[in-house]
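Two complexes follow with subunit A in common, the first pairing it with subunit B and the second with subunit C.
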Partner chain A sequence: MLEIEIDGKKLTVPGGSTVMDAANSIGVHIPHFCYHKKLSIAANCRMCLVQVEKAPKPLPACATPVTDGMKVFTHSDQAVTAQKGVMEFLLINHPLDCPICDQGGECQLQDLAVGYGQSGSDYAEEKRVVANKDLGPLISTDMTRCIHCSRCVRFTEEIAGFQELGMANRGEFTEVMPFIGKTVNSEISGNVIDLCPVGALTSKPFRYTARTWELSRRKSVGAHDGLGSNLIVQVKNNKVMRVLPLENEAINECWLSDRDRYSYEALNSQERLTKPMIKQGGVWQEADWQTALEYVANGLKQVVAEHGKDSVAAVASANSTVEELFTLRKLMAGLGVEAVQAFARNADFSVKTQGAKWLGQSLEELSQNEAVLIVGSTVRKEQPLLAQRLRQAVKKGMALSLVNVHGDDLLTKLAGEVIVRPDQLLEGLLQVVKAVVELKSVAAPAGIDLANVVVSDAARAIANSFEGKAKAAVLLGNIAQTSARYAEIYAAAAALAALTGAKLGVPAVAANSVGAELIGADLGGNVFAAAKKAYVFVGVEPEFDAHNGSQALAAAKQAEMVVVMSAFQSCAMDYADVLLPISPFTETSGTFVNMEGKAQSFNGVVRPLGETRPAWKVFRVLGNVLGFNGFDYNSSEEIRDEALAGDTAARLNNTLTSAVAVSAKSAQGLVRLGEVPVYQGDAIVRRAPSLQATADAALATTVRLNAATIAKLGLVDGGKAIVKQGQGSAELTVKLDAGLLDDVVRVATSHPLTRDLGEMVGAVEVLKG
Partner chain B sequence: MTVYVKGVVFENVNFEDPNCWRLEEYVKRGGYAALKKIINDKITQDDIIADMKTSGLRGRGGAGFPTGLKWSFMPRSFPGQKYLVCNTDEGEPGTFKDLDIMVYNPHALIEGMIIGGYAMGITVGYNYIHGEVFEAYQRFEEALEEARAAGFLGDNILGSDFCFQLHGHHGYGAYICGEETALLESLEGKKGQPRFKPPFPASYGLYGKPTTINNTETFASVPYIIREGGQKFLELGKPNNGGTKLFSVSGHVNRPGNYEIPLGTPFSELLEMCGGMRDGKKLKAVIPGGSSAPVLPADVMMQCTMDYDSIAKAGSMLGSGAVIVMDETVCMVSALERLSYFYHEESCGQCTPCREGTGWLYRVVHRIANGEGRPEDLDLLSRVGDNIAGRTICALGDAAVFPVRGMLKHFRHEFEDLINKAQKAKGL
Partner chain C sequence: MSTNNLTTHNLLSAESLAQIDREVAKYPADQARSAVMGALRIAQVEKRYLTNDMIEFIANYLGIAPMMAYEVATFYNMYDMKPVGKHKLTVCTNLPCALSGGYTTANYLKQKLGIDFNETTADGKFTLKEGECMGACGYAPVMLVNNHSMCNHMTPEAIDKKLAELE
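The block that comes next holds the complex of A and B.
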């Protein structure tokens, strides 16, 4: 520890601290622009110059290491003169037209200029004008305002993992720009907007729609992945105008994924369903809630009476709140219906664990692992901020490796990477199991037949990366979780974890996957395989949110009664009998349990649109209409307390209840690799126009194959191909993907263009289009 | 033109001989004897560094930092790669000495670097060569081949355990890449921008490894020091200003060129060697150490001797040894306009005061030079300069301000005259 003095205050700080760290620790504010606690030190803006005793010149606080006995003066004449000098320089070429700048009112330059700027300028020369850049649909630029702090550049390189922005040219002519002809395509790109201290980078969808002081700031929780990012939702006139991260070091740090940042656009879309509707004689009619709910209650009662309780299934989105899933389940139980399924994207429901599946550790603990293996995951797109977290951990020494079905770049150093066909994910994982068995000279784990497994060098490298590591984890990604061989993969991963002393973790796909398991909203298996007579869909669109969209759609179409509860009108008009407008996460109070098992409750940030009602209130009324007991809740908190009663942490448990026999198989022929695209995961993001305009969204309209497969099939990169699976087909643009193995056909699922295709991984035919 | 008067870098070099740079000729002049002595007599690293300290050799790149001291900072037992880097980026206006070393005596530099590698336990070196001198780069590559073939360079030098690999690197011609940390960035394949110091290259240099960087002339002086002893080198010059130095004399003299002379030689003698003033004009002023050095008026300069201390006492710096001589016909406003344009153009743009301030300085001087000056402009220049100097990441910010300060200190009246004329023309 070092003893120093700042502005006369004595303090001790750990060695290696900078003057800025030390000042921050006692709440002394030093003006700054380029400094950011999560980025490397650039020391280029010079705004933080302070006086240090015995130093002949003012020194930048952000870059000056503290030495024992140092005396710092942040407000002395020398310091303030230097700071004012820098401010003057920053302003000479900066437009002084804050009233027409989108950043006005939330600009660090504007704020500091009040304290350090002059009222007039001695700069009598022509000001610089800088051409704007096209950074894509999410970020808008006003480059003349750039103060060259390089925060955005450092973000892309250090946090996002790939330097999509750079500083071109020199001196006064320095400009921030993307690669020529390229945009910024990172899945966490929007963070540069928060980082930019001025109005050079602003949100494209939000731009010029409101002033910061007109907006109320309300807390919420991210609803599109299992991380549970904390949000500030900004609201004006009962409308969500913008979403920003709320800093929570344990979860999202100060970042936000683009998905959580821009999905709000859908909440204000024309496609919102705002009134209950009933189809009568094939014609849709608006109805009042009472009529609609009585219709639903009677209809469901009748189907159960006629066809039995197994003839009905409820399918909910795992982005539904604890309160919604719990009341849904209770309602179904009242009808005698068991099938309440929030995991319709899964194919194999035979994994039985002692508790709800979860990350197996906290996010912060995950970062501290020395070795982590991820099995089957498009990590950056599934869990953008988890990928970011792992990237930072790798820099601190974590050995990260992958058993995967494609070669997508995680933009970080890997200790090993085994790439297999999507129908061989288990076999890829078994290679690592066998490599560990050989390395440790131990017997194969019980129930796992390793006889036919050929171990690759990459698998050995992964096995080695676990050697001697006290803290390690094996994680199962979305591709593993939705695999038809999930149980075997799970058992193999559990065995690997046991062999290496690692924790087994399941990063939740959806905002409330863990909550759904805790509540038991994971029952009924594949509810579309044998079609039901009636379905209740809560926040799901079966054609997009089921493992096999065409199968789900067919099941919905043949049902006698389909109740659709959704925030949006949709193609459910074709097969539904009743449409009930329910609140998206911004219009209801509720709770999500994130992947680390942490329950986060939130309030609605705006009033429900039109006659929209929170789903839990709808179930409450339905329960009462049906005369069931226990539906007299006064608030969502009451439901939550009942749903999550007791020690929920104790109910998280990834241990298998019984052994699963695991054996390797071989596979050949063209095989589909179907992933859920980053902006197709749920009904909200599917309707967010700016996200749909991104390069990632465009990628979902392609069929990706490696060069050998393109050649073998007589296709051309950029040309058209017809992909056939089961009865369905899709015409898509061919795109070369060098990271795929031969015969792998990478075609998105959950997408309008591929709706008629079948299961996510399965045999396909490909013809020239 | 290159003139050897007395010294260590061009000793016995016959500039007329097109083969004077070749290894064979270099060896005839006593080249590689120092290296042989070290290897054969198993001279210790400590002894070499001690000799370097005795020599009083100060860095010839501009800052004049004692070379022996710099070499002693190198962590000698560091586990892992360390690097030795030669700075041949030579971009300071007025300086053209390193180019001549590369052209006429490249083996002196190569031998100096090998010795440096030996003394600091470094096995890999780079020579970063200015982008616009392609011939020098090619010649250096040829010289490296000769040294490798002769067993002076590469693995097991002269049969010993000592290995040293040396590579030439052709830059792209940016002045800022002569700043040592920008040079390292550029060498790593990145944009040439200075790094904030600390950490200094001795602890965090090329690829983050301990690195020593010296100027071409600095390295080229090393073989003599080792061969003849530090004391002998020191005595060539004067105390605290040991040895001899190359001065690149340009401007209004009859014979501009590089002159190798002892430090401490009176400026008046150097002027004579250059054949005196061109066309018999009167000496007006001299920039004694490259474009960053403040200008000195004739009378002050004629009292100076050419060494670090004397020039510093007169209020300027010896810098890289570029002596820019100006006669009575020179308009100092135009001269400053050109200098300020250079710094404005060459700023890397990283830090605010230099990025914004160099352009401001240039525009104001440009206005004055073009009859648009205003009475408040001179105070403005001083104020803007004060806000740049000492507030930037690297010394380019200071370098941009020193010429302005020098000119305003000694030739303020010329600026005032132009401004007054401009005011009158406007009827003010």
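The block that comes next holds the complex of A and C.
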């Protein structure tokens, strides 16, 4: 520990601290621009100059290590003169266009100029002008305002993992830019907007729509992945204008994924459903809630009476709140219906665990692991901030490895990577299991047949990376979770975890997957395999949110009665009989249980649009209309307390209830690798226009194959191809993907272009288009 | 770092690539970034100047982000981002040289060659560049020929002599 005195206050700080760290620890504010606690030290803005006793000149606090007995003055004449001098220079080339700048009111330069700037400048010459850059649909630029703090550059390199932005040229000609002709395509790119201390980088969708002081700030929770990022939703005139991260070191730190940041655009979309509607004689008519709910209640009752309770299924989005899923399940139970399924993207429902599946640890504990293996995951797109967290952990020494179905770059160092065909994910994992068994010279785990498994060097590298590691984890990604062989993969992963002393973790796909399992909204298996007479869809679009979209759509179309509860009207018009407008997460109070099992409750941030109602209230009224007991809730909190009563942590358990027989199979022929694209995961993101304009969204319209497969099929990179699966086909643009194995056809699922295709992983035909 | 859009064909000769490999070998395996200056120099020696494609090629070859290589290529003025003449003349105009006749030298060259800074003579023989301190202030005014040969005390007479040699 070192002793230091700052502005007369004595304190001790750990060795290696900078003066900035020391000042922050006692709440002394030192003005700064380039310093950021999550980024490396650049010390290039010079705003943080302070006086240090015995030093001949002012020193930058952010880059000056504390020495024992140091005396620092942050507000002395010398310090303030230096700070004012720096400010004058920073303003020399700054356009001072605050009145038309989106950053106005939340600008660090503006704020500090108030404290350290002067009303005039000695500089009378012409200011420099810098051409704006096209960074894509999410980030707007006014590069003349840039003060070259390099925060955005360091973010892309250090946090996002790939330096998409850089500082070109030199001296007065320095410019921040992406590589010529490129845009910024990171899935967490929007964070540079928050980092930029001036108005050089601002939000493109938000541009010129509001001033920051007109916005109220309301807390919420991210509704698109299993992380549960904390949000500040900014609201004006009852409309969501912008979403920013709310710092929570244990979850999203100070970051936000672009999906959570920009999905709000859909909330204000023209496609919002604002009134209940009923189809009568094939014609859609608006209805009042009373009529619509009686119609639903009578309809469902009738179907159950005529065809039995197994003829009805409710399918809900796993981004629905605990309160919604709980009241839905209770309502269905009242009708005698058991099938309430929030996991329609899954294909194998035979995994039975002792509790709800979860990450197996907290996110912070995950970062502490010394070795982590992820099985079947496009991590960066599935859980953007989890990928970021792992990237930082790798820098601190974590050995991260993958058993995966493609070679997508995680933008971090890997200890090992086994790439297999999508129908061979289990076999890839078994290689690692066998490598560990051989390494440790132990018997193969019970129930797992390793006889035909050939161990690759990569699998051995992964096995080695677990050797001697006290803290380790095996995680099952979305591709593993939605696999038709999930149970076998799960059992193999559990066995591997047992062999290596690792924790088995299941990062939740959706905002409330863990909550859905806790409540038991995972019943009924594949509710589309044998079509039902009636469906209740809550926030799901069967053609996009089911494992096999065409099968789900066909089932919905043939049903006698389809109740669609959604915030949007579009697609359901074909097959629904009644449409009920329900609140998206911003218009209702509720709770999500994130992947680490943490329940986070939030309030609605705006009033429901039009006649939209929170789904839990709809279920409450339906329960009453149907005369069921126990639907007299006064608030969502009452529902939550009932739904999550007792110690929920004790109900999280990844241990299998019974053994699963696992054995390797071989596979050949063209096989589809179907993933849910990053901006197609739920009804909200699918309708966010800026996200749909990203490079990631464009990638989802392609069929990706490796060079050998392109050649074998007579295709051309950039040309067209027709992909056939089952009865359906899709015409897509061919794109080379060097990370795929031979015969793998990577075609997005949950996408309008591919809705006629079948299951995520299965045999396909590919013809030249 | 595996990237899906590696430039597939080589933009450089086998000899240049071998030289780059030697540069890379000077640094630890995960520090290929350190070889970027050498790699850009080798490419420029072969091709006379650097295109964006070449910068991207080198970045991919070293496994670094193209922007990292672009930053370096645009920062140092010995890298040429545009075609240059047969002889590139770089005159130092930093303070010590400026005080000892750097601008006189530059102006004499401009007038003699009939070009301004960053221009090339019509016959493609000479390109004139403004340079930063070359660490030879004591011998000012200083001029660099083709990045490799340093000429001291470049008075008009010395310039005439040098240009004649370069004819």
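Criterion: the second predicted complex is superposed on the first by the 769 of 769 C-alpha atoms of A that agree within 3 Å, B and C clash if a C-alpha of one lies under 4 Å from a C-alpha of the other, contacts with A are read in each partner's own complex, and residues count from 1 in each chain.
The working rule: a contact is a pair of C-beta atoms (placed from the backbone, for glycine too) under 8 Å apart; a residue touches a chain by one contact, two chains touch by 3 or more.
Since we're looking at a predicted model, the values are computed, not measured.
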* Will subunit C clash with subunit B on subunit A after the two structures are superposed, or do they fit? -> clash
* Partner chain in contact with A:409 - subunit B first, subunit C second, else both or neither -> second
* Check whether A:235 is in contact with subunit B, with subunit C, with both or with neither, and answer first, second, both or neither. => neither
* Figure out whether A:169 sits in contact with subunit B (first) or subunit C (second), or with both, or with neither. => both
* To do: Identify the partner contact of A:65: answer first if only subunit B is touched, second if only subunit C is, both if each is, neither if none is.
  => first
* Asked: First (subunit B), second (subunit C), both or neither: which does A:738 touch?
  -> second
* To do: Tell me which partner A:19 touches in the superposition: subunit B (first), subunit C (second), both or neither.
  => neither
* Of subunit B and subunit C, which one touches more residues of subunit A? -> B
* Would you check which partner chain A:178 touches, where first means subunit B only, second means subunit C only, and both and neither mean what they say? => second
* Structure fact -> Clashing segment of subunit B (vs subunit C; choices 8-16, 116-124, 188-196 or 278-286) is 188-196
* Overlapping contact positions on subunit A, where the subunit C interface meets the subunit B interface -> 166-167, 169-170
* State the interface residues of subunit A toward subunit B in the complex, per the touch definition above. => 41-47, 49, 56-58, 60, 63, 65, 82, 85-86, 88-90, 92-93, 122-125, 147-148, 150, 166-167, 169-174
* Under the touch definition given earlier, write down the residues of subunit C that touch subunit A in their complex. => 1-6, 30, 52, 56, 64-68, 70-71, 74-77
* Asked: Where on subunit A does subunit C make contact in their complex?
  -> 157, 162-170, 177-182, 407-409, 411, 413, 736-739
* **List of subunit B residues in touch with subunit A within their complex** => 174, 176, 191, 196, 198, 344-360, 363-364, 367, 374, 376, 380, 383, 386-387, 390-393
